[in-house]
Structures are given as structure tokens and as C-alpha cells.
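You will see two complexes here that share chain A, one where it goes with chain B and one where it goes with chain C.
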Partner chain A sequence: MAGASHPGAMAPPIPGPTRTAPPRKPASWPSHPRMRVYTLFGLTGIVYLVLGFLCLRIVWALGQGEAAWDTTMASMSNPFYIAFHWVSLLSVIFVGVRFFRLFPKAQPARIGPLKPPPRSLILVMLYCVWIGVTALFVAILMGGLFR
Partner chain B sequence: MSDSTKKFVITRFDPDKDEEVRTQTYEIPVQSDWKVLDAINFIKDEIDGTLSHRWSCRMAVCGSCGMMVDGEPKLTCKTALASYGDTVRIEPLANFPTVRDLVVEMDGFMDKFKSVKPWIIRAKEQAAEEGTYRQTPDELQAFKQFSMCINCMLCYSACPVVANEPEFLGPAAIALGHRYNMDSRDEGAAERNEVFRGEGTVFSCSYANECSEVCPKNVDPAAAVNQAKFNAVVDWTTQLVLPRGEE
Partner chain C sequence: MKHLLLRLEPLIWLMFGQGILIGTILLTGWLIVFGVALPFGWVGFEDGQALDYSRAYGLASNFVGQAVLLALIALPLWKGAHHLRHLSLDHGGADYDPVVALSLYAIAAGGSIAALLAVIRL
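Let's turn to the complex of A and B:
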């Protein structure tokens, strides 16, 4: 029967930590479809930042009086603003759909004795709330609720 | 009997000779039912014995044979070769230092695992004569999915946060910690949640969901990370209202 192995039998020939090649990021990332979607998701942050500044500008105009408000509203018919609003709408829909897709599985398995409803039901509830809130805002903006 | 031939562009690195990684191309006969690992083993056995790679079970259980196949982290024993073109690029897992050829350094990964205390913590151990800790099927179901992880590290290779913040605890370690937090036999959630609330842990996750996309065992680490975020906040709030030892 063979004897016990030497305690240093598996030690590297040169003592010390093994020299390694540095970690590399996946070369395919920028072109990978999933990474493109994720990058696009990150880029929507810029749209929201600009949208925030635009809201501040509108609120500021409101505080400056009727003339400033009318001028600001008139400037909104500029094709640049119309295009920006379309981009904003698409961004909100894109982020909303992505968020709704990922939200159900992020729910805690239970809170005390309560368990979350099935994922499909959470999804239906989210879309219903989204449609409901959108309808409410449209009604307010169209003057249907407050005159 | 071979069906056709394919080219394999494989990353090579010899720490005793190479300054940096290089690639070597092999053209070999392949069979239509081969997995990617079969081709790498063929190269190792028949063409170039110096090629180093890890593998063991060949049935997607041991988690040893994870590599980048055409830029995507894959378990090579589970990935059909037929789904790739005439040229296949094989690299070591991304985001890990390379020890040699396709073998990556796992020390950092193992340290991250240990930091989440992946064992059952009890305030007081039950005496053996009191029997085993019992669990209902419902209680088992709460964490079973997260216990299916085989530590293949594909999720670390896919994670954009790991790529940019190497100190990030990462999907598999968080999923494992969460698995024990969800275990009805465990009483160590407060300790692990303290780890989870630290720098570079659950709140560093930007929910790219890449970890779940590449997971070969459908563990869904992204779900675990985001559930762990909620639990860490609840635990922090509870501590604020009811400090430990004063309830």
C-alpha cells in the first residue's frame, strides 16, 4: 500500500500566489441584445432628467404670470418639444413594461401570514392601475374633472 | 463518426510564459449530438494536452464547466454545439481572473460565499433527543428554488454590476444568504441582513436581470436579490422601532 502523500504534494512549484490574467468584461456586451435593452433602460434616465427641468421651467412660467405661461405653452408647439414628448412617452412605456415584467418576482415570499397573489394577478393589477391613473390624468388635463 | 468540422478559437494563458492572454485556433471533426464540452475534451485528449479547463459531472450538476461560449456564459456540458456556427469562441468566464487557459480564480467568489454565513444559525441548538427540525412542504417551498444553485458562477460573469464593482457581493452569494433567511429552521436572518445592508451588497444591484437570464438551473438570483432588499429594509425598520434585546 502506498504511503501517505507529502503534505506539500499539491503545492505550486514556485511558492506564493499564482500569477493570474486580469478579469475581462464580456466582449459581446455592447452588441448583445439583452445588454442593448439594459443600456437603453439606463439611458432613459437622461430623458427623465430633461423632463424634470422642463417641468421646473413650466412651473416657473406659471409663477411669472399669464403672459409668461402663454409664451411657454406656445413654445411647446415647436417640433423639437413635440419630438421630445414622443421620446418621453416611449421611455415611460418602455420603463413601465420592463418594471412590470420584473416587479412580481421581486415580491417577498410572505409578510407574516400573508403570501403575495400569483404573479399573473400582480401583473394584471399593475396594468389596471397604470391604465386607471393614466385615464384619471387625461380626464384632469382635458378639463373633465376640474374646471 | 464525425458529421462535420468546426473551428474553435480558444483563449490561452500560461502564467509561466504569457504576459497576457492569447487565442489559439483548433479545427476539429465534430458530431451533431456533441455538447461544447465534448469538443473541448476532444481537443485536450487528441490534439493539445496542454489545454487546461475544469469539468467533472457532465450533467449540469457540479457547476465546474462554466465558460464563455461566443461571448455568453454557459455550462458547456449542457450547451449543444449544433446551435453554434462554424467558428466557436471559447473564453474563460468573464469578470474572473484567469489562472490558466479556461480556468478561473475562485478565491474571491468563495470569500463572498462565506460572508453571507451559508449555514443554519440557531440561537440555541436543539438537543439530539428532541429530534430533527421539522418543516412543512410550504416552508420548504419558500426557499427551495434558491437552494438549487450549483455555484457555476455564470451569474457573476453575466452581471454588469460585478464587471464594474468587483467587490459587489454578487447574485449567487446573495441568493444563498436569502435561501437561509427564508428557511424556517434558521434564526440568523438578522446577522445576514446586516451583511446585506453593507456597502456593495443588495442595494448595489441595478436589477439588470442578467443573472437570471443565464442561470442554468433556473434559480432566479435576481428575484432573491430583490426580495433580500425588501427583507433588509423591513429588518432595519423593525430594529429601529423595536431595538434588539428591548422588545
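Let's turn to the complex of A and C:
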């Protein structure tokens, strides 16, 4: 069971002019299904952190020369890497779906005279960019483009 | 330390937000190729194949390739670091937050510097 929430965890050193209520932890924390999904979303941080360093390893090998590149590429067939990459792919899709659903709701109602497009349109645009960039990335890396 | 972290919060939030948005968009294709297609033999790295050294180096060593690779490495590190810090806060780790935050951001910063060096030497 998690400990009590800390009211001053993110408080500024000098209190602002606006009075705010102290944060309260929901009674269902952390066993409620929505809280579990929220925690799972946070845990994807581990995957992203490790994945960043794995990408760094691949790019570093590219800078070291052909022998290092070939060795690194061959190591991608290691079962450990395959399993981690599958977990990573599921994590990235989970983060994308959850974040893109949140993104339209987080837009300001108005910026000066401009209003944002409808939420559904923003969501469709985000998915189009995600799918389009992924398809482009895969096409380039698999030799379909710039060959 | 807490004061410094609060001053850096907008910058860290920027990197975190871009880590989720740009990191997720770029990582999906990367994982499909290096995590699925390569081990299953749908793409190869021998001479003349799509991921052979000379082609991969040619794709990565120009300005666009370097910028994409830098974003691909550095932004997910900041997403991971900031998300894990807040997970720690949410689960009662506020008393240890300065140490946790500093450690995680140091890992992300170190990885980002290494990423910059990695793309510069291409």
C-alpha cells in the first residue's frame, strides 16, 4: 500500500497568491482499475528509458564501423532482445493511444482570436501523423525508399 | 535542490512532452524494423541488403538523419525519467524526491549527451 500523499511535494518555495486546496489521495488508490492503468502508464517510463539506451547502442555501433554494426545487428536476434522489443512495441502503442486520446482535451479553448479544431479532428490528425511517419520510417529502413 | 528542480520544471516538461509525442511516433517504426522485421529475417544487414552498413551510414550521417536519431534517443530518455519520477511521487516517494529526480534526470542528461556525441561522429 502506498504511503500518504505529500501535500508539499510539488509546492513552490514561495506560496503563490492563489489559495489552493491540499492534494488528496482517492480512497481507492492504488487498487482501482483506473489507478492500475495510470500506474502502468507510468511504468512505461522504464521501457522508454531502456529503449533510449538501446537505440544509443545501435547508433554508437554505426559510428564505430562495419564490424561493430554487423555484430550489433546480429545481436538483435537474441531472444532477450526480441522479447524486450515486443514489450516495447506494446508499451509504445499503449502510450500513443492513451496520450493521443488525452491530447485534444488538453488544448486551450482559445488562443487570441483562434479556436482549436474539433477534438475529433485533432485525434484523427494525430493518428494520421503517427501512421504516416511509421509507414515512412519502415519504408526507408526496409529499403522501399532512398535505395 | 527542490528550488532548482522547480526552476527546471518547464524545460523538463518540454522534453517529457516531446518524448511522449515525438518519441512514440518515431519509436513505433524503429521497433517494427529492428525488433520484428530484422530478427524474423524480413530485412537484412548483409552487403546489398536494406540495412547494410554503407546504406545505414548514408541514411544516418546527413543532417536530417542525425536530427531524427538524436530525437529518437534523447526524447524517450526524458519521457522515461520524468514519468518514473512522478510514479515515485505518486507512490509515496516525496521524501526521496530530490535524490530520485536528480538520479533520473542525470541518467537522461548523460544519455542525451552521449546521443549528441554518437550522431556528431557519424
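Simple rule for what comes next: the second predicted complex is superposed on the first by the 119 of 147 C-alpha atoms of A that agree within 3 Å, B and C clash if a C-alpha of one lies under 4 Å from a C-alpha of the other, contacts with A are read in each partner's own complex, and residues count from 1 in each chain.
Definition applied: a contact is a pair of C-beta atoms (placed from the backbone, for glycine too) under 8 Å apart; a residue touches a chain by one contact, two chains touch by 3 or more.
Quantities reported herein were computed from a predicted structural model and do not represent experimental measurements.
**Student:** Give one of first, second, both or neither to describe whether A:137 is in contact with chain B, with chain C, with both, or with none.
**Tutor:** In the superposition, A:137 contacts chain C only.
**Student:** For A:26, decide between first (touching chain B), second (touching chain C), both and neither.
**Tutor:** The answer is first: A:26 touches chain B but not chain C.
**Student:** Scan A:45 for contacts with chain B and chain C and give back first, second, both or neither.
**Tutor:** second
**Student:** Between chain B (first) and chain C (second), which does A:109 come into contact with in this model arrangement: first, second, both, or neither?
**Tutor:** A:109 contacts chain B only, not chain C.
**Student:** Counting residues of chain A touched by each partner, does chain B or chain C come out ahead?
**Tutor:** Answer, by number of touched residues of chain A: C.
**Student:** Overlap the chain B and chain C contact sets on chain A and report the shared residues.
**Tutor:** Residues common to the chain A contacts of chain C and of chain B are 38, 42, listed in rising order.
**Student:** For the complex, which residues does chain A have touching chain B?
**Tutor:** Touching chain B: residues 18-29, 32, 34-35, 38, 42, 102, 105-111 of chain A.
**Student:** If we count contacts the way the header does, which residues on chain B are in touch with chain A in the complex?
**Tutor:** So the residues of chain B in touch with chain A come to 13, 15, 18, 20-21, 68, 70-73, 91, 94-99, 105, 142-143, 157-158, 160, 163, 166, 182, 206-210, 213, 220, 222-223, 226-227, 229-231, 234.
**Student:** Per the contact definition, I'd like the list of chain A residues that touch chain C in the complex.
**Tutor:** Checking each residue of chain A against chain C gives 2-6, 8-10, 12-13, 30, 38-39, 41-53, 55-56, 58-60, 62-63, 65-66, 69-70, 73-74, 76-77, 81-82, 84-86, 88-89, 92-93, 95-96, 99, 103, 129-130, 133-138, 140-143, 146-147.
**Student:** For a test of understanding, state which residues of chain C touch chain A in their complex under the given definition.
**Tutor:** Residues in contact with chain A: 2-3, 6, 19-21, 23-39, 42-43, 45, 49-51, 53, 55-57, 59-60, 69, 72-77, 79-84, 86-87, 89-92, 94-95, 97, 107-108, 111, 114-115, 118-119, 121-122.
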